[in-house]
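Structures are listed in the sections that come next.
Okay, so chain A shows up in both of these, paired with chain B first and chain C after.
Right, the complex of A and B next:
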């Protein structure tokens, strides 16, 4: 099982994901897309998919290839699918962005790029879903957090199916039915992607990682099942109910209100579960990753409150951009960056020192990181995200660009820390590379 | 003679640390049982978290460093999570330095 414990390409997924994140942040700082352009404008779609597919989905896939086998105690169904999936997703995303640029008139005609992109992306995601799904299936019946991952994968399929429908429709091949879905169904796609795939999966993964790194007892299975039931209901109502409403030409209002109610219940239940993990932890001192994850949770709570306030004042539609920004960058990206910081150090340790254990003195995982330095970048990151959200709410486009520029800088700072970890730059001699150990490669793991 | 070998094995195992907690498996109380029969060593040990990828390396590490001890003919290491490890297994002197609440 030694060889099977490290996923070879997880680091490559992380590297590509972070590259997309920095590119998207830099484009926002340059004033590309929302808020200078409309939320639904082609330029905005470019940024949205760089963040949703390039950054968040890629990072999540990379983490799941490593994490799902640990979760279920069985090796990955087939490691050889990881790299082709990465190539397909990268090619598909590139084509999708090009297609959006055609749509916005920035590139000459070539709308066929959209269905091509959808096909490549669907193929890539299908490999990921099949590989992870079959891994969980090997260990049936699935345990606790594995259920969240399964619900996330089902939502991913729904997201991709809807996105593929949009792509065909936008390229003029969709027919009348798909046109109807495209006209009003974009929120379903966004909810299935951000809410179902990314949020439910992140929740499941966070249960396990938090209990592992804080030595807290696992969340009671009954409680986490209730959380998942509420979350699945929210996504199920939004997508299935939404499609039904579109078919019946009934308007999405009631369906989305019901989904929002389930969504709020999910956040409240999840908040209860996470609070219990922090409260019952046996390790009193928090590491940087668990401290920063808490800012991600705070952002999720803030997003829920913001959503309630916007709906109550009837201004949700006007501020959906600010809301989505806080969800994507405060909650999802904040949590993923915090966890990456730990996972990279942990995997780098395993790769370099695991095989030497018992033969040579080895450093600790914490010796691979310099939390003091990194915490400054994280602080700058979260402050700029919250500032960016506020500037969107108050319609200050130029302040937003400044905030995005600071986010870019902070992310680059965090990346530099990750690279130092990979290079073992902070490990003191003589423990750094004793005889018989090999330095890790930056972009993939030796297994 | 047997007790002496067990003591030497325990001493040797101080080089194996839990990468997360940064202390050796002896002080952390990961070693539940070490039995020796004419140089054939059997170790029953645990780790903090079931399914953690580090657990496999810990097991290998314990086997490797035991094998180097003079007088050891063969090593068999079993990983168990029953009973589960709790911070109360840690040597008291190490426990507070790790930031564990003493009540646990």
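Right, the complex of A and C next:
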């Protein structure tokens, strides 16, 4: 079938992703991991991977299974891979977290969990990369945002490869070469994951979603290609250059400085592209998702400025935790939560009312949401993230725990709104379920 | 000499199916310099704009029984001379409804097109102008048995869609 059909398991990915997010936030509120523990401590690794794999990667995979076929106008290469990938990723992440707990001495010996986890995660991500990559390949040559997705997938492969190497090394099976990479190469893994996979993909997806939801012309292809070129250069220099420097035992300073320069250029170019989308929009009245996405963009800009300030004052290493926190929760999580709010409403609307459309009166997408109520939760979320970042910068661990508790509450509030949307709880009768329509299931879509 | 790949969508059209995806899939398999020879049960005028955008010139010959053979030739290559018997006629009638959905919030364009399509008498067509390709609309048109053809105008600013009710 041509065109955009519903992805059956996207809602399941979203549900599992949000569960990991709330669990991670609750653990931070309980004082688990950074800043009570060291930024490289095993407990911190638990939180970092709950957020980056469990929350952000799962949400991104779910969104891409729905979004990539729409983007390239071809069906997904194989829909049957979605669910096994979800199972493998969930099992892999669970094993990984258990492995980190062993590493930190919180669980009895069982370091074999780390290579097992890496294998499960690599298998899950391989299914995702193959399914999405082959979908784009079938529609070659790729268009606009599809290039970003491809660059994101390549970065994901690099992230998984490095992570797998670390897992073997930490379990004592890595040999000398991997040990060398593990000793200094963790930033490469983080840059490839947060910067390449999550940020480049989120940028590509945001170009299309923003232009769609704001009725704005697409970003000029030349401009977005330049943004992507700068972004790819940043990741390429960091990962390839970094590995070369480690091999040559030359230190990562110059490589990371070059990558940071490309990274700043990427953020500036992306800011220019996004500003043009907002400026040229036909829809003057912004919806909640585009308003809240703007706070995500502001967080990205703030993270870039914070990074410059920290490097200029020579305190980046001391505050890398605050920087990563702002990137992960202000920029990536803020943007993903804002877009989930719209995507869930749109997909639920399409699933429920598509069959009746044009035949019976149906509600509008906006009738499925109560933006006034949701905007309060989003406001609380962003304020607590920025407060949390500040408390990390000023070394106030107990204030940070309070901020994390408020973040947990705000996220639960947003989730409650998503569930209400899925249950059509805010749609007024008699439009709620016209004849011939049936309410959607909470956790998957009927296709 | 250009090599043409044959694509016969007449069986799909006769069974009420939608050939666009098949044509696009065949297009995707073409080697550089190859052309496409399309057989259809009507003159696929809206397809010409889509193919022109992709760099293909067309020449259409009417066959017996109102069917058409269309040669899509990559730009820069010389197509064979058209058959002197070609008598261009259009099997898709003029649209009875014209919708300009370019400035509507999504998914309102899709709602309006389906609403108007449900009102078409057998064989009638409607035309709609949109900002983007209505990818979520196509499965619904297909499920309800409509045919459609569409493509972007050469400047890429407007997507022109023609929807036809089965005759």
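Here are some notes:
One rule holds in what follows: the second predicted complex is superposed on the first by the 443 of 447 C-alpha atoms of A that agree within 3 Å, B and C clash if a C-alpha of one lies under 4 Å from a C-alpha of the other, contacts with A are read in each partner's own complex, and residues count from 1 in each chain.
Following the convention adopted for this analysis, a contact is a pair of C-beta atoms (placed from the backbone, for glycine too) under 8 Å apart; a residue touches a chain by one contact, two chains touch by 3 or more.
Quick caveat, the model's predicted, so the values are computed rather than measured.
Superimposing the complexes on chain A yields a three-chain arrangement in which chain B and chain C clash.
Within the superposed three-chain model, A:140 lies in touch with chain C and out of touch with chain B [touch as defined at top].
Once the two complexes are laid over each other on the shared chain, residue contacts for A:354 go to chain B and to chain C alike. Touch criterion met: A:215 reaches chain B and chain C at once.
When the two structures are aligned on the shared chain, A:365 is found in touch with chain B and with chain C. Touch criterion met: A:284 reaches chain B, while chain C stays clear of it.
By the touch criterion defined above, A:70 lies against chain B and chain C together after alignment on the C-alpha atoms of chain A.
Touch criterion not met for A:446: it reaches neither chain B nor chain C.
Comparing the two complexes, residues 1-2, 5, 70, 73, 212-213, 215, 282-283, 346, 349-350, 354-355, 357-359, 362, 364-365 of chain A contact chain B in one case and chain C in the other. Against chain A, the residues of chain B that register as touching in their complex are 13, 15-17, 19-22, 48-54, 56-58, 60-66, 68, 86-87, 98-101, 104. If you check the complex, the residues on chain A that touch chain C are 1-5, 70, 73, 138-140, 212-213, 215, 217, 282-283, 346, 349-350, 354-355, 357-359, 362, 364-365.
In the complex of the two chains, the chain A residues touching chain B come out as 1-2, 5-6, 70-71, 73, 211-213, 215, 282-285, 346, 349-350, 353-355, 357-362, 364-367. Considering their complex, residues 18, 20-21, 24, 28, 103, 105-108, 110-111, 113-118, 131-140, 142, 157 of chain C touch chain A.
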